[in-house]
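Here come two complexes built around chain A, the first alongside chain B, the second alongside chain C.
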Partner chain A sequence: MRPILEVSGLSRIYGPGCPRCIEATGPDAERNVCPHCGSIVAVHDVGLRLMPGEILGIMGESGSGKSTVVKLLNFDETPTTGRAAFFDGERTWDLFGLNAAEKRWLRDNRMGTVYQNPHLGLNLDISAGGNIAERLLMSDVLSYGEIRERARDLLARTQVPAIRMDEHPRRFSGGMQQRVQIARALVTNPPLLLLDEVTTGLDLSVQARILDLILDLQERLGIAMIAVTHDLGVIRLLATRTVVMRYGRIVEGGLTDQILEDPQHAYTQELVAAAL
Partner chain B sequence: MPTPKSSLPPRCELHSDVVLELKGLGKAFYLHEQSKSVPSASDVSLEVAAGTLVALVGLSGAGKSSLLKSVYRTYLPTHGRILYTRTDGQTLDLATAPENEIIALREREIGFVTQFLHCLPRQSTLDVVARPLLRLGVPLGDARERARTLLNRLGVLERLHDIGPATFSGGERQRVNIARGLIVRRRLLLLDEPTASLDAATRDKVIELVREEKAAGVAILAVFHDTAVVAALADQRREIALPTAAALASEVA
Partner chain C sequence: MRARRKRRPASYGFGFLDENAKKELRRALMKAVAIPGYQVPYASREMPIARGFGTGGLQITLALLGEDDTVKVIDQGSDESVNAANLRKFFALVCLGVTETTRTTDATVIQTRHRIPERRLRADQILVFQVPYPDPLVVVEANAGKRREMHGAANYARLWTKLYEDMVTFDEITISHRYPTRIAGHYVIDPSPIPRWDVPKLHMADCLYLFGAGREKRIYAVPPHTTAQPLSFSDVPFRVEDFTDEHGKRRACARCGATGTFLDELLAADSVKSYHCSDIDFCTETLKATQCAPSSKSAA
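Right after this comes the complex of A and B.
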């Protein structure tokens, strides 16, 4: 089976960089700031393969580079080096070789991102329905009636009450803002969804509803997802396969049950032991 | 002259086939924090043919569960090979097969029933049991119907079907786990003490269900704490010895 996304050699260095940056940072050096030149090696040599319909977990604590991986894949940031191929039906997109217009089109039509902070994924000063319509207007356009219909359908799917469709998400609870964000990300039926700490900071009961929603969407729509989180519970629930990152590198990857029950790397063993 | 396929009854053909072969399989856990290796099973070789059940027996701590988990890839084996023969006759080593192959095999061909029910929270018991069928694309109605039938056979009361197993007793949860494990007919079934907290009547029902799996040609590798269950189901008993002093010494060194 062909993957939907294949990433190799992905790196992002903030700062001038020097020949010793790589060897002086990473899990063995236990730092991501190069002591020689002060550059931050946020991500180095990350490789991923995501299969259609699969949820891949990226687990790590803050500073591991996991969120940077998402930002690189959705063009919020530009990689220092690396390749990423997005196999979208008949088309193959060389993600880091696209021009600005192509990137925008892909982001508006074929990929969705849900951020930890709803402010990043939503415009809080236009209505919930408007947030969804806005994204549809950026995509290959439909009629007004269709847009409103689709917005209504998605909000229903993500359990946002229809009567609140015309309200500004600023007034919504954190959990409901997150559901509007998911609806907005899904509006163009993207085959690929990036989830960056989507349940972090929410109440447990709200987390549960968001996670159920994500699983339901994955099961019914077959969307492939990358779920970035520091939370082992989220990984256990969502991800079939998981990679563990520390100081910008992948330290190990495998089937999620194997990573949690038989972790190989010292760092993963520590993480799993700390959670039990 | 090619032999026409119909000349061989498919059942007989299946029964003679080895589905799983362990060759020198061993598992040790390396604990980084303590800089030491903890040996579990070591140097186990055995074969499981279609339609037969091989029971792993031995003292607690000998690594019986570790072997099952290694076959399922929940553990990464330290030594040896786990040769699995697919329906198409091709053999692959489960210890090293790509993750996506293992995921596909888990959905279609290899089942694992443990003592403990791990399932998605907030789902009805019926849906927990039906889920493996749904993953294979069986329509919801049909999947739920088969789930209901299995749960009934295992004596899980109808009034429990629509609520989640979170509040169930140990025995009820175990029955739900068995139903979910058997709802898709596998080629290879791994059983890790699935009858541990069941009463005698339910245990007999499980024995009956496992016999049906064997009769259908399923290869089974199992651990039962109950010798009566072993006697009732096993075609072969394999004693798994505790890690020897030599193994312990070599792992530490």
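Right after this comes the complex of A and C.
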């Protein structure tokens, strides 16, 4: 089976960089700041394979580089080195070799991102429906009736009451803001969704409903997702496969059950033990 | 008592601006015409009127005028407002040989604020707009660098979202003037504060439209025979002001009786409303034509 996304050798170094950066950082050195030149090796040599309809978990502590991976895939940051191929139906996109217009088109039409903080993914000064409309307008849907209909449909699917469609998301609860953000990400039917700490900061019952929603959407729409989180519970519930990151490197990867039941790397063992 | 010496015009060269300034302006104009709708930056000069009083339009007109030109200045359709009359006098003072006029048909260069003349302009005429805010994206994006990127990528989704929000809140698009208009299928311009009524006149015109923003230091153009599409939804067509009264009848100008013009609402001392053509020259010409008509009929 062909993957939908294949990433290899992905690196991002902030700072001038020096030849000794790589050997002086990483999980063995227990740091990601190079002691020789002061550069931050945020991500180094990350490889991922995402199959269609699959949820891949990226787990790690703060500063492990997991969010940077999502930012790189989302074109928010430019990688220092690395390749990523996005297999979208007939087309294959070399993600890091695109020009600005292609990146924008891909991001507006074929990818969706849900951020931890709804402020990043939503414009809180326009209505919930307007936020969804904006994404449709970006992909040149210019019929007001069609936009209304699709926004209504998506908000219903993400369990946002239809009567609140024309309200500003500023007045919504955190969980509802997050659901609007998911609706916005899904409106163009993207085959790939990036989830960056989507449940962090929400209370437990709301977390559970968001996770249910994500699983339900994955089941019904068959969207492939990358879920970044530091929460083992989220990983256990969502991800079929998981990679564990520390100091910018992948220390362990495999089936989620395997990693949680029989962790091999010392850091993963510590992490799993701490959660129990 | 000594006889007062006759005042001579100040010793400026033709067109008030120095030759290098005019050259720079003309280059910016050429570029603006070459890339329809693109906002060309230029070095806006200090003028003898304050920024915001039409310095952008003034500089363009000064760079365009030659000795054989005939210039008309309108302010909200009127030739006689203080601003229009003063600018016209200024042109006569600093461009010796240039003819002043109030007649649209006679003018070769027309400088305008807030209106496009009702009579369709010819290929040998140029309309120069005074623009307060050149960038239509300023309402949705505060960062000028990002705005420029958005223009480059023709990324106007956020402007459309604003129209969507208008539709949701008011069931119609409430922009009355400065209606964002897409030129030649790419750049969206702010067509200066002209009413919606005038926006269709930008589309496939015979004349050249030039826009000058003095304070914001931008020049842009809508060349002849160029498409100009006001932003709208495919199922919510763009509408101009309709001027119908409470009985659904189109109001007519109280002075000349025209029913196909943009009307100003005037309030008399006894607070009775009346409606008049905003384009005074058009109104006067219509009046003359109708007054002549019966006499010619009786002669026949």
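Methods note: the second predicted complex is superposed on the first by the 274 of 276 C-alpha atoms of A that agree within 3 Å, B and C clash if a C-alpha of one lies under 4 Å from a C-alpha of the other, contacts with A are read in each partner's own complex, and residues count from 1 in each chain.
We take it that a contact is a pair of C-beta atoms (placed from the backbone, for glycine too) under 8 Å apart; a residue touches a chain by one contact, two chains touch by 3 or more.
A quick note: this is a predicted structure, and the numbers were derived from the prediction, not measured.
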Notebook entry, point to check: Here chain A is shared; do chain B and chain C fit on it together or clash?
Noted result: fit
Next item on the list: Scan A:R104 for contacts with chain B and chain C and give back first, second, both or neither.
Entry: second
Check: With the two structures laid over each other on chain A, which partner does A:L237 touch: chain B (first), chain C (second), both, or neither?
Finding: first
Check: In the overlay of the two complexes, what angle sits at the CA centre of chain A between those of chain B and chain C, given in steps of 10 degrees?
Finding: 150
Next item on the list: Kindly classify A:G145 by the partners it touches after superposition: chain B alone (first), chain C alone (second), both, or neither?
Entry: second
Note to self: Is A:I126 touching anything from chain B or chain C once the two structures are fitted on A? First, second, both or neither.
What the structure shows: second
Next item on the list: Go through the superposed model and pick first if A:L215 touches only chain B, second if only chain C, both, or neither.
Entry: first
Notebook entry, point to check: When the two complexes are placed on top of each other via chain A, what is the minimal CA separation of chain B and chain C in Å?
Noted result: 37
Notebook entry, point to check: Across the complex, what residues on chain C touch chain A?
Noted result: 149, 153, 155, 157-158, 160-162, 164-165, 167-169, 233-236
Item checked: Residues of chain A that touch chain B when the two form their complex -> 1, 51, 54, 208, 212, 215, 219, 237, 240-241, 254-255, 257-258, 261-262, 264-266, 269-270, 273
Margin query: Looking at the complex, which residues from chain B come into contact with chain A?
Written below: 29-33, 69, 73-76, 99-100, 102-103, 120-122, 134
Check: In their complex, what parts of chain A are in touch with chain C?
Finding: 100-101, 104, 123, 126-127, 129-130, 133-135, 137-138, 142-147, 166
